[in-house]
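Got a structure for you, questions after.
Per-chain residue numbering starts at 1, and chain names A, B, C and D are given in the order in which the chains are listed.
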Amino acid sequence: MSERLDAETVRVWGERYSNWGRWGPDDELGALNFITPGRVLAACALPRTGQVISCALPFDRRGPQSGFAGRHNPIHTMLADGGDALAGAQDGIPGGFRYADDAVSMPLQCGTQWDSLAHVFYDGLMYGGRDIKLVTSSGARANSIDKMKNGVVGRGVLLDVPDHRRVEWLENGTPILPDELDACAEACGVAIESGDIVLVRTGMLTRCLREKSWAGYCGGHAPGLSIHCARWLYEREVAAVCTDTWGLEVLPNETPDCFQPLHMISLRNTGVLFGEIFQLDDLAAACRADGNYAFLFAAPPLPITGAVGSPINPLAIK
Amino acid sequence: MSERLDAETVRVWGERYSNWGRWGPDDELGALNFITPGRVLAACALPRTGQVISCALPFDRRGPQSGFAGRHNPIHTMLADGGDALAGAQDGIPGGFRYADDAVSMPLQCGTQWDSLAHVFYDGLMYGGRDIKLVTSSGARANSIDKMKNGVVGRGVLLDVPDHRRVEWLENGTPILPDELDACAEACGVAIESGDIVLVRTGMLTRCLREKSWAGYCGGHAPGLSIHCARWLYEREVAAVCTDTWGLEVLPNETPDCFQPLHMISLRNTGVLFGEIFQLDDLAAACRADGNYAFLFAAPPLPITGAVGSPINPLAIK
Amino acid sequence: MSERLDAETVRVWGERYSNWGRWGPDDELGALNFITPGRVLAACALPRTGQVISCALPFDRRGPQSGFAGRHNPIHTMLADGGDALAGAQDGIPGGFRYADDAVSMPLQCGTQWDSLAHVFYDGLMYGGRDIKLVTSSGARANSIDKMKNGVVGRGVLLDVPDHRRVEWLENGTPILPDELDACAEACGVAIESGDIVLVRTGMLTRCLREKSWAGYCGGHAPGLSIHCARWLYEREVAAVCTDTWGLEVLPNETPDCFQPLHMISLRNTGVLFGEIFQLDDLAAACRADGNYAFLFAAPPLPITGAVGSPINPLAIK
Amino acid sequence: MSERLDAETVRVWGERYSNWGRWGPDDELGALNFITPGRVLAACALPRTGQVISCALPFDRRGPQSGFAGRHNPIHTMLADGGDALAGAQDGIPGGFRYADDAVSMPLQCGTQWDSLAHVFYDGLMYGGRDIKLVTSSGARANSIDKMKNGVVGRGVLLDVPDHRRVEWLENGTPILPDELDACAEACGVAIESGDIVLVRTGMLTRCLREKSWAGYCGGHAPGLSIHCARWLYEREVAAVCTDTWGLEVLPNETPDCFQPLHMISLRNTGVLFGEIFQLDDLAAACRADGNYAFLFAAPPLPITGAVGSPINPLAIK
């Protein structure tokens, strides 16, 4: 641990933990490839109670965004509504049929979401060695989220770190190391398997909801995964990793000269799908209640053509 | 069948096939209540191959909308992209981290979607007897789609009507009657059960994709469910019904003096969730291939607060 | 001044200072009718220096909106840019032609703007006695801003109240009374004439820019016009009145039981055009410099069909 | 005229007709610099009748855009309306005050508009020799339209080419040459002067409105200015040039190997402001009526920070 972590480390580890080419030159699914049909079937066998639990934060103007990186909260507007019916604006529709319609305008990264494999890059390349020139104002011509439309379904595992530490939430700046992930899993009676979707709860979102303040949530100091998880994610063949934080990684980052190093390594090189701003409180309560931390998980992205991410409503089926 | 069908029929049948109050005065889930935890568990036991198949049309500017009812196709824009990285706009981010971000602006009814129970009304009321005054420019204060965030998961059944008829697609204006739904199910070796999510393929979307033209798809003549399906949906306790058409019902409607009568009865009174613009071709091919037309189905709506619908990526897990 | 001001006063004064019908039953221009061609010609004769001065605040994400009334600041996105050119995304355009394109999403009331005569109403009616049922999700079918597309051009007069009081800005809650408007005009060597566009500076925006904080600007306490100005606006035949505040009127309002009473009287009944969030500092400096407070004024609204307001860039030509 | 016109011509002429550096290294106004205060004063002396005439097309969903270059027509939505008032959604506002609010989402190039000096580039540079790297997803850091907020006011001159030719409109593909512009001006009793804003009517928009079809209007064949106007614009010191077409230039372009060569020369190098999609019919009728083709012209852009264009409502004051 006396190792100095810097931008150079990131590049070395990126090469070391790379899955580029592992599934052929045309692969745009990355670590989702670990979720084989067999894994899906095994995951379907997990539910014991038939409970379905959403891991999404509501999408509305009270969301966490404050303008960081130009992101805003969802703007929901009505195109037709009950007031129109009252005003007679729909009187032309025969037989008394009246209706409401609506629209949303939202950054795809503004709430509970998947980062696609076109979301981050360095040295001019993204996952699979594809050129960042493929990602322009017209969208991503490779690695876009719509390529993952037949997913994400598999075994989900909740690692509830604050519960394991017997605290309400992790303090900002707290790194979560691989050993703790393993200890946490073991304590819950599960072992991470190839193709797992790992949901790591830090409690940060719980705290923000409790304090009724998103101050610092987006882009500020946060608990989160240590850069040392890069190897763990690679070796365990994790398909997707998700947290209840804005950026998944511990902030400030452990690499003073490099921003979000785990994104650089694990998303770009290992091809792991990243899920962020997950609301894991309901799921955590349910897991605590029945002692079962593994479940069927389904979080289909909207197949927005060329998108580099998607808002999602991730479901745990226990 | 010599019965005259009109706006009066709609009101009578609406009362006859009503589930208002069935699940208590506060219910906002409607027929989704039929999907009990037991039903969810039973659905999880269905998959045999581990295939996951999306039933969503791509969300992009080439979608079916042409302005009908003020709906437009999704507008996807980039907030940051590879070009920015090339231009040096991200040079301030340390360590070489570069990224892409994006946004979407879309009517919630513009593509593959759920109609919420606040989507249609008549005589001043929506599902559960709630006043349409609750649906204003600020959204729906009752029956909104976010109430269904812990869904929609259950048993899905595909009824491939054109395949059953040995045609490529049903012609516009073709009504699908309850008997045909039963015959189709029987031919596929399934029987509709309480809480089922019924996916009815008409082939209309197949035809539009084949002909590379959406002309008439939105709001024009279409094959679809007959108003006579209202009783069937009610008695079979169907949780959700979905088609590959714009409006689920046969158009022109069978009630010359009343628009979309099945919406009025089955959505408003029976509380059935309606799914529209489903892309059922991939699923139909898979069902034909293995002869298995029942599957685990998951189509979580985005919990957009107060929304009267949601774009979705419905997944069939076979 | 011992008169009790309440919602009843508003209705009485509304009737007293009404211009409904004054310009015929079809009129949708209200007090803009006072700007006759002769007035336009007279205004064109005013400029002495040829200076053109914008009274608009920049339209961007740093604007004053904080979510009050569901309004957000403008969201500007690029549809094509220099980065795309660098990435080769425009290489298909022959001859080296490269370009940038962009888009904006904005509430029409989010920055410097005109309120149309369809913006406020009471007792079910808006200006001209038109039913509010004409203003639905499809826009306003009467009194919309596009009806004013051949305007707003006329004589502008700046009344710089804090300068007249020898203070930097008026404190929140300070009402501006008609006498002060007259005194201010007289001190500047102008007299308000029929058809004038009156720009009243309170200094509130100056203070917000100085303090780099919009806290309270939108919907909070503010200096502004007293309800007593209703008679003055009516009798002087003012065509439009504008301030550097969010809502033109003093806040808290002088009518404890009635919100924005001057809007109710002068906009709805008198038909005066209201301009808000004007940046009057540059203009004030120029007027102070040359001692000339009357000028040619041009602030064309965007003719957005059915809109109840429009962002504008008001120009003073001195 | 036997000269071969190609991409090389464009570069040569671009250098020949360049105003880079003419107004100092920091200049971002280009040819607008020709509109001196004296020119503004002279323009103010032009009006004879006091008529104000809009040159804007309505901004709505029936606009000319059809998806070319990813542009769509304006989307206008209501944030509050009369229906809300009827539904009681505003009952919390004291004293009976009720209101409507709205929003727009629109490409800045979708209707009547100014192209900023950051709108086109070649060889990596835009007007003033500025690098296109300054134009990214965050907007233009130079040459953006907000720099022109204290404009555009000056003398406008209408050149009504079809009227001069005694035809209803010019056929698609018809180039307008400098000689014709001069002849047209002379016939109208005006001579182009330094700083003029030249409005060239082709009648194409008239035809589209007459035929109720925008087919081909955006990006298709069109009448318009010949590349030979580049010298004329430069030598006459025209500040801005505007047409009733989508792209100002004749299409197909006269340079088979180069798209929109006049943009490349006159906008990028000469720094002339380009106005497009002007509705010149009302103005043309008024000019024909009084025989006066020169007028005061005011078309303030919205100062959207970093924008490469702006929707406008250009006014002619006669």
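Here are some notes:
Here, contacts are C-beta pairs under 8 Å (C-beta built on N, C-alpha and C of every residue); 3 or more make two chains touch, one makes a residue touch a chain.
These numbers were taken from a predicted model, which means no experiment stands behind them.
If you take chain A and chain B together, the chains in touch with both are C, D.
Copies chain B and chain C of the same chain sequence form an interface built mainly from equivalent positions, shared numbers / all numbers used being over half. The interface with the greater count of contacting C-beta pairs, when A-D is set against A-C, is A-C.
Distance between chain centres (mean CA atoms), chain A to chain C: 45 Å.
Across the assembly, chain B contributes 70, 77-87, 89, 103, 105, 132-138 as residues in contact with two or more other chains. Partner chain B is touched in their complex by these residues of chain A: 6-7, 10-11, 36-41, 44-54, 56, 58-60, 62, 69-71, 74, 76-83, 85-86, 93-109, 118-124, 126, 131-140, 146, 149-151, 153, 255, 257-261, 263-264, 296, 298-309, 311-315, 317. Chain contact summary for the complex, chain D toward chain A: residues 70, 77-79, 81-87, 89, 103, 105, 137-138.
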